[in-house]
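Shared between the two complexes below is subunit A, which has subunit B as its partner in the first and subunit C in the second.
What follows is the complex of A and B.
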């Protein structure tokens, strides 16, 4: 663990950008048709208990990272093994997000090979990892106003371009509540909100550990609501059919912006905005992996930066053959693999800790009785 | 307001010595009081009891240097006391040496008609030291290192036969440029005086602005050959004690034989060498330095240069001009925003042009795209080459303009404007739009109130151009992220370079991008300043209540 601290505002900005991340680009929850935004909203709601769980764990072991208290709770061998699994999971998550950007390459740099894009994206990430979480936190603080202002601008532009058609959202629950909930469980729950597990590797750096829950909830709720808002906007502009079949519905919506023939074709600018989002998302994932490796293998973080960068780079290229395969794989992973890491293992850790605490508390009492 | 602790009388008396307002020469008083004695020096050679041997040694050391004046004479009615004075012609004030040292030693002592029992060989040293030298600054010398230091820095040294010690009399006074208007940072409104090459003048300019006994001016000599006086100036109680110690420690570490300009010191004490961004601020303006000291920063004044250093220097400091505080608050705020905007323009305008014309043509509105491509039709180069050619040409022009004698300056502008601007377009080598882009970039890079931030932009601009030519806007944004990461990794004397933006400090936002009115600037910057943070308590000015009698 690095010997630095980050401020609560920095953590907030990291969480905010992380949640928006790539989820804002892709047609999340396409199964739920025009009710996908409700799925995301439910995802937000069901993400909060996860946050509570992570907070509980961190509260028991302040100043320790997930990989460290795994060992404390489950013992040296099982704990280390689970820690290594987590590192692989984080690396996979990072690679998946890099792949997301690679899939978008033809939309903004036609003709550039997508591996070059991945390579260029990973370079500043490695530089950031090398400099440490303090610098990453401060950098997210600098880019935060830009991220927020751009969203506000887009909302304003879309409204002023007269693109919003409320009827596109109706009937609100056409697919039925069951489908909406199933989509939540399948995609929207894990995709941005379950990935918050990365922050168990970062919470310990907070200057005021008491504020973790507050900052975490504030970050998740605000960015979750922005996410919902953007998806409502996309639906009302594009309609459910166009939205769910497009690779990047957000870009498609932005392309439609046209105010007085002057403000138009902003999609390239938007691509930049997305890159900043993805940059921080991948950075957080990779940071979690690198710092986890550093704590488990007891080496300096700097040694792990380049190897993990290589792993992510190669994985992101060979993870899937095509966009469809990537998408199908994402579906499968979000449904089956993510919950293990984001829900079940933390839950197990929570239960073990809880029970242990109970036993510990009872012991002295029983000693008194004798 | 917090009441201050009463200052013990003893301390007050000590401080009196460093009060300003005496004659210029008397200010030399405090320069040697704080000399660091533990400085690395050759093993001191003590003075000899015989004057002859001392003179021989000095002559041997300085060789035939024609500017070292050695004047031997005899003292007393009978002339049995041998005495010699040494000074450097040109560095010492000749009239002062003649009128106050030579005259009192050669003439006045004789006319004072002291009895031969008083003016004896034994107590002549004490009499000269305490009674007969009408000079403010007198030091006792025992070894030759000090003797040479004082002679060569313009003081007059008096050595007497039969004593193991000598005297140095402050007589520095040399041809000086005087206080002139600073040439590198001019203002429309604000004081027009600038630092000069003499350390004493510079410290006086600062002292004149801050008449607080807590203003400390501590001097030491750095440079084994040059023995350059370097002063650090700070406000005790306002500057962070740890910071002062850090600056002193870093200065102490310097082991170099020459300091010719404050740039030497800057490079030797800065936190990060491999960075295009400056982490030490330099200025020619006494008001900027005084403002910095009042914020709790530390000034480093180096003899022989008008450029005074201020540490710690954060990113925002390079975008603040002292004039911001003299203008109306709203205007100052607007101008600050303009500066950041210009910084951004200077950084990425050429690269954005390259990115848009090479990769993202769809971003340009169709009529503009048509006009742009018709301009570029005859141009045989890709946008990157075109931009590089123009940027390099401009950099050459600028460099030529800086070094060129003023008389030839006008020919530069003719060559620049006509040949490179107009003719290049007409010849079809570059497009007219590129000329506009380069001019815009050039003008924007001059907006920065400090010269060295402008230079960093010049370096980075080329990197951004290459990124844009290979990856379009994607490359630019990655470059920007890298740049911000790098800026965030920098520290200036332990303080994060991008403070108060990252880490974000709400309290300091009143004097960051914004410059709120003076009555609302209650506190000093949070990170730099740890103690005595309250700066003022003026209430906001309100118009007088309408008087009933007047209505």
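What follows is the complex of A and C.
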């Protein structure tokens, strides 16, 4: 683990940007039709217990990262193995997000091979990783106002272009609560809220460890609500059909912005915004992988930056043959693999620590009785 | 040594920026398409494109060539036909500035769904163009007309559509997303504005056409085409078209003629707001339409004392009746003739009572044809213009 600290605000901005990430672009929860935003909202609600769990673990081992306390809790062999699995998971998550961008940019840069885009995205990320979490935190702090401003602008522009049709949202609960909840579990819960597991590798850097829960909840709730708001906006502008069949509904909505024939065709502008979001998301994922590797193998982080960059780069290209394959894989992974890492293993760690703490507490007492 | 490294790194970084030029298209290498016409052929589609001749539009001196050029190609799919055009057009077609898509009537009758897929799938196309149906002539002929005033015919159509919707209210601008939305929806059917060529059809492509003060040929938009799913099934007449716009709350301004003693009064509607409510009464769906309309006196062609409140009230009553008639006529006309819910009444039920809608959804067309409705119009006349009483009253005496 690096010997640096980040401020609460920096952590907040990282979480905020991380949650918006790629989820804001894609038609998340398309199964729930016009109620997809409710699915996302439930995803936000069910993401909070996860955050609580991660906080609990961190509280027990204030200065340690997930991979480190894994070993402490489960023993050297099992702990190391799980740590390595986590590193692979983080790398995979990073590759998936890079791939998301690769699927998007051809809509604008037609003809540019997507590996070139991935390469251009990963290079500055590697530089950020090389410089460490302190620099990453400061960078996100700098970008944060622009990201918030852009969200405000898109809302204002869409409203002033007279695009919002509230009736597109109705009937709100037509797909039925069951579908909404199923969609939450399948899609909206794990990405992005389950992916918060990455921050178990970052929480330990916070200057004031007491504030982790506060900052975490503030970050998740505020950006989760922004996420819900943007999806509501997309639905009310595009309608359920166009939103759910489009590859990038957000961009489709932005294309429609037209205020007095002056402010229009802003899609390229918003593409930049998306790339900045994704930059931080991939950076957090890769940082978690790199720092995890550094703690497990006891080497300097700098040695791992380029190899992991290569792994992510190559994985992102070969992860799937087409958009359809990528989408199908995401479906499968979000449903079956992500919960293992985001829910089950942390839960196991929590239970083991909890039980152990109980036993520890009981021992002296039983000794007294004896 | 270290400095050399730095310089090398700098060049590598700069080199990376060149990826932005990967698939660049310079302005002089592309042909900007402003209008796209799609017709049916025996085994596929006839595509016609209207391409800007940039030298004529932007150049200071005109060489006497036309401002736009039309090309056509025939192929199995729209996409293929557009590519086939490269055998004819010297540059690569660029579709991002498309303003107008014209669909031939025979094709519209057969179904436009297949064509729309390309329009919404292709990455180059934006969704800010308007769709129209060519009435009585193939779409390729519509694109073959050189228009006066506007150098680019597609622009003429674009602004004519916008202006007539705003001020005349018998047409409607339709964009791609809206169209697809209403094709897909069970409780709403699409309409598209029609467009036709008037005058001497032969003269259309002739450049000398626009050298006349009164051109021999022109393009005119009017009437709404009624669709069922993606198939054209008929045309609304002008009054019904206006009624349609009243029901769908798409009136910005329009002119209403009401009779008065041996003459007419034209009222300019300046504000109109419609709300449609659906209710299930005695197990039957029922629609209630409320229209609030405000107008000013635009023209008086009869003897009427406008300073008298009584006569103004009478005029308001006529005004309300006129609107009500148009609305009722539109609904009855569509119910009897087309059985296609272009007003989106089904959507109204869908939103207000989703459970009941489930029952009606399957045979909504039938339900719609027998749908009961009530229309309530609240019409107000606010201003009289710059004069109060017409001087015609004086001339009569």
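Here, the second predicted complex is superposed on the first by the 370 of 370 C-alpha atoms of A that agree within 3 Å, B and C clash if a C-alpha of one lies under 4 Å from a C-alpha of the other, contacts with A are read in each partner's own complex, and residues count from 1 in each chain.
Operating definition for what follows: a residue touches a chain if its C-beta (ideal position, glycine included) is under 8 Å from a C-beta of that chain, and two chains touch if they have at least 3 such contacts.
Worth saying up front: this structure is predicted, and the values here are computed from it rather than measured.
Participant: Quick check on the superposed pair: does A:135 touch subunit B, subunit C, both, or neither? Answer first, second, both or neither.
Facilitator: In the superposition, A:135 contacts subunit B only.
Participant: Tell me the contact category for A:312 with respect to subunit B and subunit C: first, second, both or neither.
Facilitator: neither
Participant: Could you tell me if A:238 is touching subunit B, subunit C, both of them or neither one (first, second, both, neither)?
Facilitator: In the superposition, A:238 contacts subunit C only.
Participant: Subunit A residues in contact: does subunit B have more, or subunit C?
Facilitator: If we count touched residues of subunit A for both partners, the winner is B.
Participant: I'd like to know which partner A:252 touches here: subunit B for first, subunit C for second, both or neither.
Facilitator: A:252 sits against subunit C, while subunit B stays out of touch.
Participant: Applying the touch criterion given at the start, work out whether A:51 contacts subunit B, subunit C, both or neither, answering first, second, both or neither.
Facilitator: Neither partner.
Participant: For A:170, decide between first (touching subunit B), second (touching subunit C), both and neither.
Facilitator: Only subunit C is touched by A:170; subunit B is not.
Participant: Taking the superposition as given, does A:109 touch the first partner, subunit B, the second, subunit C, both, or neither?
Facilitator: both
Participant: Tell me the contact category for A:120 with respect to subunit B and subunit C: first, second, both or neither.
Facilitator: Both partners, subunit B and subunit C.
Participant: Return the residues of subunit A at which the contacts from subunit B and from subunit C coincide.
Facilitator: In the superposed arrangement, which is not itself an observed complex, subunit A uses residues 108-109, 112, 116-117, 120, 123, 265 for both subunit B and subunit C.
Participant: What part of subunit A is in contact with subunit C in the complex they form?
Facilitator: 106-113, 116-117, 120, 123, 167, 170-171, 173-174, 238-239, 241-242, 252, 255-256, 258, 265
Participant: Would you pull the subunit B residues touching subunit A in the complex into a rising list?
Facilitator: Contact set of subunit B toward subunit A: 359-360, 362-363, 365, 471-478, 481-482, 484-486, 488-489, 496, 498, 501-504.
Participant: Which of the residues in subunit C come into contact with subunit A in the complex?
Facilitator: 16, 19-20, 22-23, 123-124, 126-128, 177, 180-181, 184-185, 347, 350-352, 354
Participant: What residues on subunit A touch subunit B, complex-wise?
Facilitator: Touching subunit B: residues 7, 9-10, 108-109, 112, 116-117, 120-121, 123-124, 127-128, 131, 135-136, 138-139, 141-143, 261-262, 264-266, 268-269, 271-272, 275-276, 279 of subunit A.
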